[in-house]
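In what comes next, chain A is part of two complexes: it sits with chain B in the first one and with chain C in the second one.
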Partner chain A sequence: MIAYILRRVLYIVPISLAVSLVCFMLVHIAPGDPIDAMVQPDTPKEVIDRVRAEYGLDQPLPVQFGLWLLKVVQGDFGTSLIKGRPVLPDLISASGATFVLACTGGLLGFVTGCVFGGIAGVYRDSWIDRVLLAVAVAGVSVPHYWLGMVLVIIFSVNLNMLPAMGAGPGGSAVSIFDWEHIRYLILPSITLAVIPAGIVTRTVRGLVSDIMSQDYITTLRGKGLRRHGIVGHVVRNAAPTTLAVIGLQLANLMGGSILVETVFAWPGTGMMLNTAIFQRDIPVLQATTLVLALFFVVLNLLVDLVQTSIDPRISRR
Partner chain B sequence: MTTTYSSGIAEDAAPPKVAENDDTYWRAVGRRLMRDKVTLFCGAILMLMAALILFAPLVAPYGPTDGSIVRRLKPIGTPGHLLGTDELGRDMLSRLLHGGRYSWFVGITPVAIAFLVGGSIGIIAGFAGGKINMAIMRVTDVFYAFPSVLLAVAVSGSLGAGIANAIMSLTIVFIPPIIRVAESVTTGVRNLDYAEAARATGAGARSIVVVHILPNVLGPIFVYATSLVGVSMIVASGLSFLGLGIKPPDPEWGLMLNTLRSAIYSQPMIATLPGICIFMTSVCFNFVSDGLRTAMDVRA
Partner chain C sequence: MTAPAPLVRARDLHVSFVSRDATVKAVNGVDLDLDAGEVLCILGESGSGKSVTLRALMRLNPPNKAVVSGELSVAGHDMVTISDRQLSSVRGKVVSMIFQEPMTALDPVYTIGRQIGETLVRHEGIGRREAEQRALELLELVQIPSAKRRLQAYPHELSGGLRQRAMIAMAISCRPQLLLADEPTTALDATVQIQILLLLRQLQQELGMGVIFVTHDLGVAGEIADRIAVMYAGRMVEAGSTVDVMRGPLHPYAKGLLGATVHSGLRGTRLTTIPGSPPDLRHPIEGCAFAPRCPHALETCSAGVPEFRPMQAGRAVRCFRSEEIAGATTRPPSRTTPQGVLLP
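Coming up: the complex of A and B.
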C-alpha cells in the first residue's frame, strides 16, 4: 500500500513535466512568430531583437523550455504583457474566485446527483426512475452557457431578484460570505451544478441499482432489516466509486468553468484565460493553463489515493 | 441442366447459414431499437433536423446574412419572420437553419476524426501490448491531465479563431478518451479464447485483427464515440460563444447566442433560441447513444 502511494506520487513528476511541456508548446503551435503578439507591427527591428532576447526567444526551444520551467518552479510565472505586472498575484486571486464557484456549484451538483441517483437506483425501472434518468440526460446535454443566460433572463431581467453578473462589491474579493456576496454566487453556481448533477445521478443510479440486486442485500432483507438499515450498507458500498466520480467532476469544474465565468463576468481563472486569449497575453495564457492543469493532476492523485484507501476491494501494489 | 440445378441448391443452402449467424445479432439489435420509443423519437428528430439544415438554402426564407437594421429584433411571429429577427435585422429562422450546418459540422467532425484516429491507435496499443502499449498509453495520460474544456479552449485560443482550428482542438480533446476505450476493449478481446485459438493455429497478426478483433471491438468503440457527440456539440458551440471557432457574420448557434446577449432585455425569447437548438441536438444525440448502447448490449 505504501509502495503504491509512493509510486503514484512519484508518477506525478513525469506527468507534471509533460503537462508543463504541453502548456509551453501552446504558444509555439500558434501560427507565426510569438514576438508578433508582443510588439506593435511597426516596431523597429532593434527593439524587436531586444524584446526577443529579453524573453529568451532567441534561444533554441528546449533551452527556452528549461529556462521557463526553472522560473515556474521558483514561483515566477512571468509578467503580463498587457498589465506589465507579475502574473502570479492575479492568478492567485482568480484561482480563489474560481475555487469558491467550483466548490459551491460542485456541492450543489453532487448533493442533487446523489439524491436523484439514489432514488432512481432504489426504484429501478419505475416511472420515477425513468423521469429522473431523463432529467439526468437533459442535465448533461445542457449547453450551460445558454442555461446561464436563461437564468439571468428569468431571475435578473424579469424578476429582478438576483444580480446578473460580477462577484459583488469588492470585485474579486470573494472570501467574504455575507448575503451581499452570496447573492452573486447563486446563479453561476446553479448553472455550473447542472452537468455534474447529471453525471453523478447516472453514476449513483447505476451503482445503487447494482448493489440492490446483490445477494447480501437479499440476506439483509431476509434477516428482517428495514429499509433505513439497508441504506447504510448501500451507501458504504457505493461511496468509493461515487467519491472518485465527484472528485473528477470537481477538477473538471475548476478547469471548465470558463464558459460560465464568461456569461456571469465572474472574476476567476476562466475570465482571466478568456481575456488573455483575446489580448494575446501569452505569459498569462501559459500560466493559467498550467496552474489549472496541475490542479487537475493533483486532484486526480488525491481521488485515486482516497479511493484506494477507503475501498478494500481495490488492491493496488 | 444438372449443373444449374445443383448450383441453385448450393446458393440456397450454403451461404445463408453463415449470413444468418452473422445477422441475428444485428437483427436483435434492430428489434430492440424498434421497441425503444425514446431512441426512435430522438432519432427521428435528429433526422428531421439533419434534413432541414442540409437543405437550408432551399428551406430558409432568406439568406443567412440578408437583413436590414431597420427591421432588427422583431418579435417571434412577425409576418414574414416566423421566429423574428436578430440584433442586425436578419431573419432568425433562416440563420438558425444555416447556423445548424456549422454547429453540426464542427460538433460531429472532431468525434468522427477522433473515432478513426483514436480508434486505430487504441486498437494498435491493445493488440501490440508490451512496450508499444506502454508508450501510447503514457502519452495519452498527459492529455488526460487536462480538463477537456480547458484543453479545447487553450488549444484553439493559441491557434486563433476559425472553423479548422476549432475542429482541430476538439479532435485533440476527443482522441485520448477514445484511445483509452479502444485499448481496453482490444486488450479484453485479445486475451479471449478464440483469439488465443487463432494465434495457436498459426493465424497472422493481420488476419487475427481483421477477423477476430475488429468485428468485436468496433461496436463498443463506435457506441462510445456516439456518446461524445452531445458533449462535442456543446463545447464546439461554446468555443464560438467565446469568440473562438466560427467568425461573424457566418451564423453558428453558439456565436448567435453570444451576439444576441445584448438582446436579453428587449427580446429574451429570441436571444435563447440558438441555445434551444444546441440543447435539442445534444439531448437527442445523448438519448440515441444511450439507446444504441442498450440495444447493442455494450458494457464499456
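Coming up: the complex of A and C.
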C-alpha cells in the first residue's frame, strides 16, 4: 500500500510538468500583448523593446518557459506586471479564500446531495423521488452566477439580511471563523453548492437504488439485519463512486468558481484569475492557472487513494 | 400440550406481486408441512412459484410489491402478521436461507469473516472479536481450507464453491431450526455441486435442521430429500416421499419432469420433453393449469381446478385423471445423479 502511494505521488511530477507547459503555452497563444496593456499607446518603440527585454519577453518561448519553470521550482512565481509586487503572497491568500469557499460550498452540496440522493434512491419511483430529482435537475441547470444575483437581490437588497459582496473585515476568511465572517460566506457558498448538490443527488440516487436491488441486500434482510444495519452496507458500497464524484466536483469548485467569485467579489483565485485575464497580467495568470491545475491533480490523487483504500475490488498493486 | 406443532405449516398460502402494470399471482394456495429435522425438496420449472414460496417462508419477497395471504407459521411464529421487529429476530436465527448465486448474494466490500460475524453479533449479542472467532470455527465446519486466511478474504477472492460454503457458514451460524436453500448448487460446477450437497446433508444431520430445498434438478432432489413436492403454476401438483415420487410419479407433469431428466446408465433411451411452456401468471387460469401441455388432457380438465387429493402413504396429487393414467407405463427411474439436468 505504501509503495502504491509513493508511486502515485511520483506520477504527479510528470503530470505537473505537462500541466505547467500547457498553461504556459495557452497564455502565450492567446491574443493580446502584456506590454501594450502596460504602456501608453504613444510610447516610442525603443522603450517598449526595453521593457520587453526587462521582463524577458523578447526571448524565444522555450527559453522563456525554462526560465519561468526554474523560478517556479524555487518558489518564485514572478512579479505582477500591474501591481508591481511578487505574485506569491497574493496567490497564497487568494488560494486560502478560495479553499474556504470551495470547501464550505462543497460540503454543503455533498451533504445535500447525499441526503437527497439517498432518500430518492430508497424510495425510487415514488412522488418524493420525482420531487427530489426535479430539484436536482433544476440545480444542475440553473446558471449559478444568475442564481447568485437572485440571492443577492432577495437576501441583501430586499431583506437586508446578508452582505452582498466581499469576504468580511480583513478581506481574507482563511483563519477567522466568527459570525462576522461566516455572514459573508453564506450566499456565495449556497450559490456554489447548487451544482454539486444536483450532480451528487443524481449519482447517489442511481447508486442507492441499484444497490438496494442487489441480491446481497436480500441476504442481509435474510440474516435479520435491521434497517440501520443494512444502511451501513449500502453506504459502504456506494462510497467509492460517490467519493470519486465528490472529489472531482471539489476540484471543479476550486478552479471553476470564477463566475461566483466575481459575482460576490470574493477575493479568491477565481477573481484573481479574472482580473489577470482582463489586465493581461501574464505572471499572475500563469501562476494562478498552475496552482488551480495542481489543486485538481492533488485532489484526483486523494480521490484515487481513498477509493483504493475503501474498495477491496480495486487492485493495490 | 398437544402433539408438537410442525416446524412449518402453511395453509392456502397466496403470494402475488402487484405493480402498476399487472398483478402476477405467483403462488396460488400452497399447503405445506415440515417436521423438525425433515428435508423437503420443492421441484419445478422456472416460474413455477417455488422460489417465491420459499422466500415467503421468511417474508423475503420485496415488501412493497409482494402481497402474502393465507396461514403460515414457522417454528410457532405467525409469519403473515409478524411485526418487522420480530421478523428481524426470526430471520437468521430461527430460519435462514442459502441463495443460488454466491457471487451476488455476498456483499462485495465486506470480508467473509465480517459478514458471518455480523449475523452472530446481531442474534447472539456477542462482540466483534468473539464473533470473528466463531466465524473461524464455522468456516472450518463447512470445510474451507486455510480458514484463518479466508476469514480476511473478500468474496471476489474466493472460487464459487468456497463462496457457497461461506454462504452456508453464514446461514447456519446461529444454528437455525429451518434452513431454506434456493437452488444452492445450480450456479456451480458439477463436481462442486456434489461436494456442496454432501456438506449440506452432513450439516443437516449434525444440526438436526429442517431443510426446504428448491431445485429444478431431480438428481439433487433424489440425493438429499426425504420428501418431494412438485409445483406447477403456483400450486403443488404432487407430493410424496422421495422414493415414491421418483419411482412412480402420479401427476403427468411430474412424469414429464422425470422423462426429461438425464439418468446415468440409460444411454440410448430417448429423452422426452414437455411440450409448450408454463402459463402466464398475470392472467387467471381456468381449470387445470397443466391441461394445455398435458398428453392426457380431456375437455373436462378445463372445467375447474382439480383438488389436491390425498392418496395412500402420505402422497397427494392434483389431477382429475391420476387413477386412469396410473395404468400407463412409466420408465422406471434408476439412480439419479446431481448432474441430472432438466431439459427445457
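A few remarks follow.
As a working rule, the second predicted complex is superposed on the first by the 300 of 317 C-alpha atoms of A that agree within 3 Å, B and C clash if a C-alpha of one lies under 4 Å from a C-alpha of the other, contacts with A are read in each partner's own complex, and residues count from 1 in each chain.
In this text, a contact is a pair of C-beta atoms (placed from the backbone, for glycine too) under 8 Å apart; a residue touches a chain by one contact, two chains touch by 3 or more.
What you are looking at is a predicted structure, and each value in this text was computed from that prediction instead of being measured.
In the superposed pair of complexes, A:I48 makes contact with neither chain B nor chain C.
For chain A, the partner touching the most residues, choosing from chain B and chain C, is B.
After overlaying the two complexes on the shared chain, residue contacts for A:R221 are found with chain C alone; chain B is out of touch. Residue contacts after overlaying the shared chain place A:V27 against chain B, while chain C stays out of touching range. In the superposition on chain A, contact of A:V297 is made with chain B only, not with chain C.
Of the two partner chains placed by the overlay, only chain B lies in contact with A:N274; chain C stays clear of it. The touching residues of chain C, counted against chain A in their complex, run 58, 60, 85, 88-93, 96-97, 99, 101, 104-111, 118-119, 122-123, 154, 156, 167, 170.
Residue ranges on chain A touching chain C, taken from their complex, read 214-216, 218-226, 229, 233, 236-237, 310-313.
Note for the complex: chain B touches chain A at residues 141-143, 145-150, 153-155, 157-160, 230-231, 234, 237-238, 241-244, 254, 257, 261, 264-265, 268, 271-272, 274-276, 278-279, 282-283, 285-287, 290. In the complex of the two chains, the chain A residues touching chain B come out as 15, 18-19, 22-23, 26-27, 29-31, 137-138, 140-147, 149-150, 152-153, 157-158, 251-252, 254-256, 258-259, 262, 273-274, 276-278, 285, 289, 292-293, 296-297, 300.
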